[in-house]
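Next up: some structures, all given as C-alpha cells.
Note that chain A is present in both complexes that follow, paired respectively with chain B and with chain C.
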Partner chain A sequence: MGLISGLRDSISRVTDGLFSEQEPKRIGIYGPPNAGKTTLANRIARDWTGDAIGTESHIPHETRRARRKEGVEIERNGKSVTIDIVDTPGVTTKVDYEEFTDEMDKDDAIRRSREATEGVAEAMHWLREDVDGVIYVLDSAEDPITQVNTMLIGIIESRDLPVLIFANKIDLEESSVKRIEDAFPQHKTVPLSAKEGENMDEVYGNIAEYFG
Partner chain B sequence: MPHQCTTCDRTFPDGSKEMLSGCPDCGGNKFQFTPKRPQSSTQREEGRQRTSGQSMTTDDDSTATGDSAIPTDESASSEGSPPGESSSFGAWPDSARRPADRSDASLTESDRVESGTHGRRQESGTDFTGDSTGADTSVSAEEENAAQASARSDVVTRDELPAHTRDGQHEDPLEGTAHEAPPETHEGRVVSEPDEERPSLDELREELNDQFESIKIVRPGQYELNLMELYDREEYIVSLQEDGRYVIDVPDSWRDGDDH
Partner chain C sequence: MPEATNVDDDRRDGVQIDLISGQRMDGMASMEKIRMILDGVHNGNIVILEEGLTPDEESKLIEVTMAEISPDEFNGIEIETYPKSSTRDSSLLGRIMGGDEPPKKLTVIGPANQIETLHKDETLISALVSRN
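Let's turn to the complex of A and B:
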C-alpha cells in the first residue's frame, strides 16, 4: 500500500509538472463544534498561502458550509505535499437554537441551527464522497469520548482514510493530551494550539508525512 | 399528475421512476409535486372504460354467466363491505398488500372476507366466463397496479432511490413531510376510499421521522441528526425547509456543482 501510494505520488508529481490540473489530495478537517477547526484551517492557510479560509468564532456552528482552500503546498523535511484543505462544519447529533439565544435573537438562532444542521449533512457527505484524508480536531480541554467522536472516527476508519488526531487548545489549563491519546490509541495524536500557533512544526511534519 | 417537469410541463404519475433520471423529454431536473390528484380519478375512469369494453366482449360470449357474477358481487358486499370497496380489494390481490399495510384491522378483515367470497364463488362452480367477468375489474386494477403500485413501491424503497437518481436535482417528495405523505397514504387507498380523511401534519411528520431519520426536526431550530444515516446516503440534503421539507441533491449533480 505504501509502495503503491508512493509510486502514485511520484507519478502525480511528474504529471503535476506536465498538467497543472492534477488534483491534490483533499484533506478534510473534521471534529465536533468549537474544537478549533476553522482556527486551524486559517492557521495552515495563512502559514502557507497568506490567506484565511473562514471566520472564527467562540459561538458554535460559525462554520456552516464546508469551505475549501485549494492547492496549499506544505513542505517539511524535504517532503512536499499539496493539499486542498476542507474546513467542515462541526459535526454533532443535536442542534438546538436555544444554545445561541444568549448571543443573538431567536430568529437568528433558529436560522443558525438550521444552517448548522445542513452543514452537518454536508460534512457527512464530503466525508463519504470527497475526502482523501482526515485531520480530526478535538478540544483537548474536553472529554474526547463522545458519541460523535466515536462514531465519526469509526466511519473514518471504516473508509480506511489516513487520519491524524489533533489535540487542540493545549494553551488551556484544563487541556489533557493524554486523555485523547488514551481514547484513540490507534491513531497518531498531535498536540497543538492553533490559536497560539504552538507546536505547528510538528503539525506540518505530520501532515507532510501522513498525507504526502 | 402529481409530478410535473417545471421546464417542459411534462407530467408523471406519482412514483414514476422515469423522472428520477431527469425529464426524458427535456432533460430538466426540477419537478413540482402536486398533492392533489385529479389524475387518479381519470385513471379510474379509463379503467372503467376498459372494464366496460371487456365486459362487452364477455357479454358477447355469455351474458348469462356475466349476470350470475353480479349478484355474487352483491352478496359479497352485503357481507360487510361497501360495494366499491369490496370489489376493488377483491380484485386487487397483489397490491392489496399496500392498502392492507396502512389500513386498520377492519379493512384487512373486509379484504379477507372478500377474497373468501371470491374463493367460494369459484368453488361454487362459476364457469370461466363468469370468472373473467369478475376479473374485469381485476384486469383494470392490475394495470393500475403495474403502473402505480409497483412504481410506488419502487419509490418507497430507499435503496433504489440513489441508484436511479443519477442526474437530476429535484425537490424529492420522498423527503417531504407535508406534501409527500398525503398522496402516498391516499394513493394506497384511492381505489377503495377516494375521499378519505387525511392524517394530521403532526402524524405525518412523526411517521416520516420514523422512516427517514437522518435529520429529525424536533421543532424549528431543534434538530436531531443520525450521522450514520447521513453518511450512508448517496443523496445529499442541501437545505431544510421551514415546513419540514428537504431539498436534496443527488450524487452526479453534486459532483458537477462543487461550488454550491
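Let's turn to the complex of A and C:
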C-alpha cells in the first residue's frame, strides 16, 4: 500500500469514527418465537414515532422477515439515544409445517414454514453482520434455559455486542423474572409487559442508558 | 480421514450414534464440521461432539439447517449443550486472564423428529431418542 493511500485510509477511518457517533444504532430485537418481539417493537415504535412495525399474532413465526424502523429517538432521565429498531424473526433450530395446520390449510402451512426458515437464516445473518446491540426478549412464563437461548446469548457475547434481556409477559400469572435473572446473571434483565405497557419507563430508561 | 460409516438399511432397527472426538474436529474447517454433522443427522444418526462448536459455527449451523429443511423430509435439528455456568468469571480480570474463552462442551445433535430433551441443567442433559 502506498504512503498516500495508507494516509487516506487512516484519515477516512478517523472521520468515519467521528461521524458514526451521531449515527443511529441498529438494535436487533432477538429471541425465540412467540416471546413478544413484534409486540415490543410495535410498543416502542408507537410510543416514540406513532407508527407500528409489524403484525402481531399468537401463531409462531408471524414475523418471517427482519423489519427495520429507522430513527427512533428515545429519551429518559436526561439521556437520549437514536436507534433503528430491527424486529427479527424468532430463532429456532427446527420448523415443522404441521405446527401450523390447525390454523391454516396444508399448502399455506408449508409456505409459512418455508418463509419461517428463510426468516431465521436472515435473523442470524443480521446478527453476524448488521446490528450494533441486542434486546433479547424472553417469555418470562417459559423456562429460559433452552438451547436456542443458550446458543444465541453465546453468539451475541462472542461478537461483543451490548445486550439487554427483556423478561416479557410479566402480566401472566406463571411469569418468573427471577428464573431469567438466574439463567443469565451476566446480563441486566428488565421485566415488562409489552402487551399491557407495564414497566415501560424502566425499559426506556435502560435503552437510553445502555445503548446511548 | 475416514468417514463415519452408515449401517445398511436392513440393519437399521436401532439408532446410530456417532461420537466425534475433539481431535477429529480440530483439523476441520467450520463448513466441514457443519456438513459432517448435518450429513449424519440427515441419515437419522445422533451426533455427539466431544468439544462442541464455536458460537460462530453454531450460528452457521442454524443457517445451513434452515436452508435444508424440507416438508415431510427434514424438520431441522435438536441440539443440546450444557448451559453456561452462572459462576463463570465474566469480570474484566477474568477476561484478561483468559476466562472468556468459549468453554468446550459436549454437544448432542440429532434429527428434530427423533430426539426430545427431557431435562437439562448445568450438569445433566437427559434426552429421549426414538426410532423414526
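Keep in mind that, in the parts below, the second predicted complex is superposed on the first by the 190 of 212 C-alpha atoms of A that agree within 3 Å, B and C clash if a C-alpha of one lies under 4 Å from a C-alpha of the other, contacts with A are read in each partner's own complex, and residues count from 1 in each chain.
To be clear about the criterion, contacts are C-beta pairs under 8 Å (C-beta built on N, C-alpha and C of every residue); 3 or more make two chains touch, one makes a residue touch a chain.
Not measured: the values here are computed from a predicted model.
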Clash or fit, chain B versus chain C on superposed chain A: clash
First, second, both or neither for A:157, with chain B first and chain C second: second
Partner chain(s) touched by A:86 [first = chain B, second = chain C, both, neither]: neither
First, second, both or neither for A:134, with chain B first and chain C second: neither
Partner chain in contact with A:170 - chain B first, chain C second, else both or neither: neither
Touched partner set for A:124, first chain B, second chain C, both or neither: both
Chain B versus chain C as contact partner of A:96, first or second or both or neither: both
Partner chain in contact with A:182 - chain B first, chain C second, else both or neither: second
Partner chain in contact with A:145 - chain B first, chain C second, else both or neither: second
Interface residues of chain A shared between complexes with chain B and chain C: 91-97, 110, 113-114, 117-118, 120-121, 124-125, 127-128, 151, 155
Complex contact set, residues of chain B against chain A: 214-215, 220-228, 230-234, 236-240, 251, 254-255
Interface residues, chain A side, partner chain C - complex: 91-97, 110, 113-114, 117-118, 120-121, 124-125, 127-128, 145, 147, 150-151, 153-155, 157-159, 182-183, 185-186
List of chain A residues in touch with chain B within their complex: 91-98, 106, 109-110, 113-114, 117-118, 120-122, 124-125, 127-129, 148, 151-152, 155
Contact set on chain C toward chain A in their complex: 54-56, 58-60, 62-63, 65-67, 69, 71, 75-81, 83-84, 86, 88, 90, 102, 112-113, 117, 120-121
